[in-house]
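Two complexes are shown next, each including chain A; its partner changes from chain B in the first to chain C in the second.
Right after this comes the complex of A and B.
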């Protein structure tokens, strides 16, 4: 049986330090920016515009529909694709080719698949061997998605004709 | 893989809980009867020789108490980010212990914490292996282990 490791409390501030800012560099962010554009262009015929990323400094509110993919191996972290209800329904319809209601399991599957494709499209360009997880799909209201506060989170705002959404990238590269 | 059982995971969780927080968890045979408002769920992924997800569902009172102990603070003064960090830390440790049970080359993702009152979580492409319903005094703590069934994510 494994021994219990000592607790090393994580810092509670959410503003990233310079060292943390250096961790998430263009090598880790650009692949996600490219992937989100490509996935929606190819799979949903939707033109997505990506705005300059910024660090998430407060837990803040997340949109109502989120697909979360974990990374492990050469890099660890997660990417959250977060949509408003309205944008999610329309983008999923464009992706699936049919309207899907928010409560349908197929709706969650489609959101998960979009997150999977975006993460999968970025993965080969991250400069490290990594595995991606199955997607988790969270649907609701008034909830937040957070990573440990010692991991910087970069928000990549995206806009589409169907509404805005964003990617939240929290990655710790391993040296 | 053969060691990945409900009883082993419950025992690991209880040992970890006792080491960190000073008192053991007890295993309930049945899930809680009464629905309660949601607190926090933490999700961590294991990839490699075995792929799956560990999901921890914990109410806010328990998260607050854990954060108070872990950060040497009064529970009433604990903030949301500290609660999330405490649950993330517990999830990370438990994920590491479960990974060790597998006896296969695997790696862990970072935990993600979802906090709120009104949400549902789905993990497409996975099946539930088991859920361990644990109790600490009056607080509930559920660990669910899911195994990946689809290869879509791997192929992406």
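Right after this comes the complex of A and C.
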């Protein structure tokens, strides 16, 4: 049984209360940590390591390639899977089984499907029946994915042999 | 044998095609959503040995597609391949008429196993 990494108490643009921290720690970290590991292990044969999460302190993108999935129904919010350019190209190649150029529609499709599986894998463990959106993908820099009001954004850093990426989770889990 | 792969992700369809190509004589038709899938079926590209259906797709989702297919076709094996793994969703899919259920992410071996199970049951039912 994996242990839950402690969420570091850094300030955030939407400052989480201690109660929110406790819920986020217990409800969000493990489902997403397990899901991201499972997706890359099964679909790309890539070992992903997860570092202790922290709350996002400033708006803006962490990396240049993002797959975004929205949650609705019993859970609301979004999860962003954010890759560096270099990590995205290599991880997508491992997943798709072929190299895909960054500007091709197939590259965005693969990033979106990875985000879909990571969000979908965590969803059953978040405490309520919810639906997830089809993915949106952003390639570039200088954008901000806004979090829902009063919802802190939890950043889960991930590393792989192909480079770093992270999950940015802005959802309201059920108590 | 011929499979219809229905998924809005071309990458996922390519992965499924690659895995199922190991089955002797496998050929494929593809659709990116339920509407396209119904058009492929209406165009007479079948019969299909199995239809593999994603749940979350634009235009027409997988559960609606399954219900539409089952209105007229009670026998073609339908396999839901989706990230939706909650028990309630699986039960919804079974009630709608799917024969088997594959949760994404999957390994190539697990997809092949589910497809082979489904084909074997279909052959047994046809022989009975």
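Here is the rule we use: the second predicted complex is superposed on the first by the 150 of 175 C-alpha atoms of A that agree within 3 Å, B and C clash if a C-alpha of one lies under 4 Å from a C-alpha of the other, contacts with A are read in each partner's own complex, and residues count from 1 in each chain.
Throughout what follows, a contact is a pair of C-beta atoms (placed from the backbone, for glycine too) under 8 Å apart; a residue touches a chain by one contact, two chains touch by 3 or more.
Predicted, not measured: the structure shown is a model, and the values here were computed from it.
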Which superposed partner A:148 touches (first chain B, second chain C, both, neither): first
A:38 touches, of chain B and chain C: first, second, both or neither? second
Partner chain(s) touched by A:97 [first = chain B, second = chain C, both, neither]: second
Which of chain B and chain C A:134 touches, first, second, both or neither: both
First, second, both or neither for A:80, with chain B first and chain C second: first
Which of chain B and chain C A:172 touches, first, second, both or neither: first
Which superposed partner A:113 touches (first chain B, second chain C, both, neither): both
Comparison of chain B and chain C by chain A residues contacted: B
Partner chain(s) touched by A:70 [first = chain B, second = chain C, both, neither]: first
Common ground on chain A, meaning residues reached by chain C in one complex and by chain B in the other: 105, 109, 112-113, 116-117, 119-121, 123, 131-134
Chain A to chain B touching residues, read off their complex: 1-2, 4-5, 7, 9-10, 12, 14, 59, 68-73, 76-78, 80, 105, 108-109, 112-113, 116-117, 119-121, 123, 131-149, 151, 170, 172
Chain A-touching residues of chain B, taken from the complex the two chains share: 12, 15-16, 19-20, 38, 43-48, 51, 53, 70-71, 79-82, 84-85, 88-89, 92-93, 96-97, 100, 107-126, 148, 150, 152-156
Residue ranges of chain C touching chain A (in the complex, touch as defined): 8-12, 14-15, 18, 56-58, 82-86, 88, 104-107
Chain A residues within the chain C interface of the complex: 38-39, 42-43, 95-97, 105-106, 109-110, 112-113, 116-117, 119-121, 123-124, 129, 131-134
